[in-house]
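Paired with chain B in one complex and with chain C in the other, chain A is shared by the two complexes that follow.
On to the complex of A and B.
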């Protein structure tokens, strides 16, 4: 096989001007300009997501029937899932209601923005732009640190977060910086990278299978055409995988946020 | 950073955030959060609470109904037992009364029978007495008549006649008590 695609360069291959997807595929040109500011598709999608979520949740929660209709049932199912499974089970039944609005907003926000990636014509997960993920991770960071400080006081929380119970002596010299690093510094970074990386890679994979398949099919070579069809088939498979990943990432981000809050509230850990 | 959007696409590192996107995400998420906190969560919570209340209310209503039914059943059973008891008591009383009546009747019949027997006895005694008296008179007449004929002696004299009869009867009685006693009884 002499055909090869250079992914890293994002450049042109030898055959027929195939433009391999790369980081550049995420730099969309502005759709329109407001004054001098370029408004891009991900920005519009992000705003659209808030509109969609509010339309859905307000419509679903507004009727307040004891025996719910379809819409209300769907809303209650999602809300109940976040409220009971994510918030209450991790934070504890005493304080969890304070965090339900945040966790529910977070879950819906990530979920809708992720699923943009497989909706025809939209086809772009907002959170494959790291700039959208960082604020969410920082808010979660502030929320759980703030909760810990509110519960234990500033130094109490620092002690709570960095000193594992039942450990004493010189080993603390090693453990305290490690715990501080992992519990306080690294968490927002991993939250960000996990969500961003999954969405980025997923989108890249989908583009690769789609555009690569198209390029192979139109190459004129019968053998390449066969591989192109295979590529499309794989693309469909990857789409289903992505649907799972999109849900899982919304779930994991919310789950970890509530776990961090629960840990900050815990008396001993 | 803004220049990065408009500049050559390849040059931008995907790990470097665009500031305008951070600001936008913060604003959008803040709006979303406050709207959900204000309009969505209270409604859902109210619905949940109402539903819980409705279910618990239904349960407690069913419980009170059940208790009521149980009480009614117990009351009816008690009434039934009372009625059974009452019936048994009445039956027992009737039996006693019947036995009493029967014994009373028996007693009175017995008394009546005794009375009748007594009456009969006295009547018989009286009649016997009467028979004895009349016999005594007749026997006297017959005997004197007979004796007169046999003896040929008129015993017209009343006094003598009766004296003779008396003597005869006395004799008759005195050995009659040994020989003819069974005949009298």
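On to the complex of A and C.
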């Protein structure tokens, strides 16, 4: 909060009309109301993403041919990437096919929603609102806990998750709460904060460079104008960095989900 | 603000170390790149989580 306040105070004293972007920049007004319930832009974007993904997968798998066309090849590339590098390498070749549908839809959903952040006119990554990320993390949490319970039984899974093998004696008193904390409680929190934090911080940076550059350019001072151009150039650089980060976060969320599932499925060593 | 800068030091050093190890590993054994890559990205993400949590807390906590 001090970040926001200090920046906006400095900006306003220097050139009057400039408001530094902060968490308030992410609170968009509702687009329309359905019986007192305000529907905002990220909600519409989520629905749009579901429609887009459905259309893409149906179109890509509709006319399947032995020699794939362009669309089918793209669909197969994404599917193969999720199935082979994410699911099979982390879950193990025995059970991985059960989790591929979940992981594939998770990956596509996060990828499309992240890339909204740099598509012109949409320009809002829906996962920069934390409320949309928490359910995803909770679903992943239920999936990997449920998998562990299905494989080992309730107490078997608790033992599997909290007791490192090959440890005995009083050190368990220290290790069991720590492992419980890190394996069961903290994982959904870090999943949420990682995706949300990256999207939020990246979008904030883009807003800052764009609005700050515009304010500096229109300030009338020649030196400020030069810095404004520099700020726009940096903003373009940050956009490319964001393209990388957006893909990376979708990849990492899916990777971590599949690693947790694989760990819950693993046998005692 | 200062705390945010301070907290960026740790993950910065950590991410640097991770990718240094990744590069030298690939330089020694180029065919292991695909395996090392996923491990490196995983380590990068875990190291970065600390800073991201700080960014989130910086906005959430009232001072």
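The criterion applied here is as follows: the second predicted complex is superposed on the first by the 253 of 269 C-alpha atoms of A that agree within 3 Å, B and C clash if a C-alpha of one lies under 4 Å from a C-alpha of the other, contacts with A are read in each partner's own complex, and residues count from 1 in each chain.
Keep this in mind: a contact is a pair of C-beta atoms (placed from the backbone, for glycine too) under 8 Å apart; a residue touches a chain by one contact, two chains touch by 3 or more.
Everything numeric in this text was worked out from a predicted model, so none of it was measured.
Of the two partner chains placed by superposition, only chain B is touched by A:109; chain C is not.
For chain A, the partner with contacts to more residues, out of chain B and chain C, is B. Looking at the shared chain after the overlay, A:95 reaches neither chain B nor chain C.
When both complexes are overlaid on chain A, the residue A:200 reaches chain B and chain C alike. Shared-chain residue A:75: touches chain B; no touch with chain C. Using the contact criterion defined above for the overlaid structures, shared-chain residue A:50 touches chain B, although it does not reach chain C.
Once the two complexes are overlaid on the shared chain, A:64 sits against chain B while remaining clear of chain C.
By the document's definition of touching, of the two partners only chain C reaches A:248; chain B does not. Comparing the two interfaces of chain A, the one with chain B and the one with chain C have residues 22-23, 200 in common.
By the touch criterion given at the top, residues 10, 22-24, 26-27, 30, 37-38, 40, 42-43, 46-47, 49-50, 53-54, 57-58, 61-62, 64-66, 68, 72, 75-76, 79-80, 83, 97, 100-102, 104-105, 108-109, 129-136, 139, 200 of chain A touch chain B in their complex. Taken together, the chain A residues at the contact with chain C in this complex read 1-4, 6, 22-23, 85, 89, 190, 193-194, 196-198, 200-201, 248, 251-252, 255-256, 259.
Considering their complex, residues 1, 4, 34, 38, 41-42, 45, 48-49, 52-53, 55-56, 58-59, 61-63 of chain C touch chain A.
Put simply, chain B touches chain A in their complex at residues 2, 5-6, 9-10, 12-22, 24-26, 28-29, 31-33, 35-37, 39-41, 43-48, 50-51, 54.
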